[in-house]
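Going in written order, the chains are labelled A, B and C, and every chain counts its residues from 1.
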Amino acid sequence: MTQKLSNQLLVAFYKEMLLGRRLEERVGQLYVQQKFSGFCHLYIGQEAVSTGCLNAIRKGQDYVITGYRDHVAPVVLGMEPGVMMAELLGKVTGCARGKGGSMHMFSEKFRFMGGHGIVGGQVPLATGAAWKIKYNKEDLVALCFLGDAASNQGQFHEALNMAAIWDLPCIFIIENNKYGMGTAISRTCSLTTLADRAKAYNMRQAVVDGRNVVNTYTQMKEIVDETRKTSKPILVEIQTYRFRGHSVSDPGNYRTKEEVEKERARDCLVLLKDIMLNQKAAKEDDFEKFEEEIADKVEAAVAFAEDSPEPELDELYKHVLV
Amino acid sequence: MAILTLREALNQAMSEEMERDPSVFLMGEEVAEYDGAYKVSKGMLAKFGPMRVVDSPISEAGFAGLGVGAAMCGLRPIIEMMTWNFAIQAFDQIINHAAKMLYMSGGQYKVPMVIRGPHGAAHMLSAQHSQCVDHMLVNCPGLKIISTIDPADAKGLMKSAIRDDNTVLFLESEMHYGRSGEVPDGEHIVPIGVGIVKREGTDVTLVAWNKMVLLAQDVAVELEKEGISVEIIDPRTLMPLDEEIIFNSVRKTNRLVVLEEGWGVASFGCHIVDRVVKECFDDLDAPPERVTNLFVPMPYNERLEHEVMPTAERTISAIKAVLYK
Amino acid sequence: MATVMEMPKLSDTMAEGSVARWLKKEGDKVSAGIPVIEIETDKATMEYESPASGVLLKILVGDGQKCPLQAPIAIIGKADEKWEEVFEKYKAKKGGSAASAKSEAPKATASAPAKAAAPQATSVSQVDVKASPLAKKIAADKGIDLKSIQGSGPNGRIVQRDLSQTSSSAATTSPAFAVASGGVVKIPHTNMRKTIARRLAESVNTAPHFFLSISFNMADLLNWRKSAVAKLPEDQKFSVNDLVIFLAARALKRHPAVNSSWQDDCVLQYGDVHISVAVALPNGLMTPVVRHADKLTVVQIAQETKRLVKIAKEGKLQPNDYAGGTFSVSNLGMTGIEDFTAIINPPQAAILAVGSTLPTPVVLSNGSVGVEQRMKVTLSCDHRVIDGAVGAEFLKTLKQYFEDPATALFLG
């Protein structure tokens, strides 16, 4: 069912996903080197979800919101990687002036309504964005990313119900990486297909492959276009996997090595590389060049972040109230 | 100058603002077709249509969160909570999202939203429906909090709240929606953060807000017969608090009593006393007194309920205590 | 290029790490990204990847051992590399940065001045008055003594109304100040003036003073000094005042009750004798201390006194020069004052005021009237510490020393 995408698009997707991967690996290193502290949830393994979904929307016009695994989405939307990295290091040049941190990336410019730290708390906010679209009769959609376990929260259900009764152009995307922190979703939800939660709200639903980015993109493009046209919400379950623990401090003892190894074989970068080689979108040598190009970008981002100043103390009382 | 009830004054304020600004809408349980559980939004559906006066499902966290998201995207929601007791369901949205969005986004995302509804006890509604939550909310930076039952103040402050770019919590009172008062016509604005001297006096400063102002006024009349002159200060806004109006009064009377509905442990009255003791220490002739609810869940029985709420007797004895009488 | 593997921070709350176990042995091949170690954090035991590819040359922190974050735990390099050399280089680099950090640290401050032997003045004991803050403010404004007011509040608290009744009668108005025709010069207080005012007022107000006067026949002492000084070089000559300090110090050693001070809960009797010497300055008065005066020769006392007076006049006395005296001597003899009483220098218990040595008519033991060179001294005593008889015994010893200086040598 894999559709053919242009060579140019495939190269762009590969580089975008590679940037996400290498950025996050570097973030993990900076964390263990104590360059920053707090929580640190890495996106490694899920890159195809961001790239597949966010290239299917109108970047900078459609609204996007997510949970706390939020380092990569704003970069895919267009934020400079250095600005994200500076936020991680708590610098004033960061996207939230060093006051948000790992879990609270924001960009009004790219209509990225934030990374949010309370599981499921962002879901009603997405319906608010969709409400505004409908209220102002705009030709836009709202994309709400959440984890599989967030679908157990009451606010998720309240939000889906409201989106359904009011026909709000909201796309709820469960990034099903199979674990809510250390608990397998099969232990906390009796459904095998999380998208089936939509049935309770008479809402459209879809299950999307989140490993093969060509599939992810193609399916999401259809869903986004349909939602824009009908202004009806949809619950999408995208199947993915995170190769790292829930956070940097998570050893991942709740899953077997065999399981992780099996999943690594379906690494979105590996899959896309195969497609590109088959389609002759790139040669083996090109991938080394991609690596070099991305490595430079990542190091530039780190350098920008490290060279940036800390917020002054007078920043403390700014933005408590308008 | 018209004589309006509290509910009419609030209705007028919301309607005038919705006429002025198309980005303002009202959402909540029973606000549209039912005309509001307490008829505050009576007639508004007919005037503004179902996109602007919206009946929500019973999902306080959900529609409060919808309000946060809509406000982040440029609308100005008014979210009605049928009572503030139910709003406890939405505390995650109020405290974790609305209050912190501007700060944790480094100033990018404002949340210009009003959450309003009746606050505190009504009559014989028992433990879950008779609570004050102002002291819990005032403890969280990033919010403005208004608490009033005066029709004129309610109109003027509601208009200010709707125009404010922050999340403003508006605390009303179920028992006083039908209470009338003179309300200036048209563009009547009361600024947020400005208190009012409800009654001038010389012997003791009595700080009270919301329905406690009425009890304060009764007590002041009663004590006048004994030659005790009570000055009543209604801050009207709890956050930001008009501290100067309180300090100035205490500097004149040298005595402070705070009369507040709700539990007294770590209450807003504690904060007022703390500020006064710090700023007016040398002006005090007696340790400040507080009159609050008794520290028990609200009982159903009428006689017990009356005893739990601040009473005139307890207020009078607090005032006499600071006067050494 | 070998890599030194450091203990990684694997949780937000981790303060140190411990090696649960190494998954590889020394000499094993390792690859970047493949787990080589299990690290126990405060939260969990986690596998951790090798930071580099090569051979695990050396394990520095073995199974079960703990170390701080970022401490070296292993060395990874090529099979033929010497781990010791790698480690030396690593340590040099780390140590270098540590050393430079140290040199930036502020220099250790010079050792604090030696602690004064005697404690500083004790605070005036506060009479507890319970009054409302407002009442205290009114009382201060109107000059009302709150101790004279009966409080009507709880536990006798004085409140506003207690003052409104007394304020009119109790308030004292200061008399209008008559300005002399010659005009008035306003001299602002110097800090020294303020200190003198505060300390002496405190002394007079809290230490009940009494005074004991006595006069000494100075004939023998003056003769002895004259002949002694004649034989000494210029820098060793001593004055009558130096003799006063010398003899008083030895008398104090015999009467420790006079060498003491009043504290709230006890009387402190000092084993050392440090004598404060009043030195007049153009703008006030200082009392530098001759330490261990009982152990110094009179020549040493003379030299120390000269040094102290010099630096006092230069305004360069350090706290260590004037703190910690246990007894004071004030000598106005050189100005012609016959006798005077001095105010005790708190927290000391006594001060000796020394007048001029004058030819004085006296009734001799045979009943006839003669003339003797006599010097009058007055001892001011803090009655809380020193009773009359104790002070008198001290003066008796002092008289003996003055009139028969040799006794000081064998009695002192």
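Assume a residue touches a chain if its C-beta (ideal position, glycine included) is under 8 Å from a C-beta of that chain, and two chains touch if they have at least 3 such contacts.
Protein identities per chain, from UniProt: A = Pyruvate dehydrogenase E1 component subunit alpha; B = Pyruvate dehydrogenase complex E1 component subunit beta; C = Acetyltransferase component of pyruvate dehydrogenase complex.
Because the structure is a prediction, the values reported are computed rather than measured.
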Message: Going by average Cα coordinates, which chain is farthest removed from chain A?
response: C
- request: Could you let me know which interface, B-C or A-B, is made of more C-beta pairs in contact?
  value: A-B
Innermost chain by mean C-alpha position: B
Chain centre separation (chain A, chain C; CA means) in Å: 67
Message: So the centre of each chain is just the mean of its C-alpha atoms; given that, what is the distance between chain A and chain B in Å?
response: 41
- request: Return the distance between the CA-based centres of chain B and chain C, expressed in whole Å.
  value: 58
Message: For a test of understanding, state which residues of chain C touch chain A in their complex under the given definition.
response: 8-12, 14, 41, 43-47, 69-70
- prompt: Which of the residues in chain A end up touching chain C in this complex?
  reply: 31-34, 37-40, 245, 248-251, 253
- request: Could you pull out which chain A residues touch chain B in their complex?
  value: 63, 65, 94-100, 104, 106-108, 113-114, 116-118, 121, 123-135, 154-155, 158-159, 161-162, 165, 318-322
Contact set on chain C toward chain B in their complex: 132-137, 152-154, 159-161
Task: Show which residues of chain B lie in contact with chain A when the two form their complex.
output: 25, 51, 56-57, 59, 61-75, 77, 92-93, 96-97, 101-110, 112, 141-142, 144, 164-166
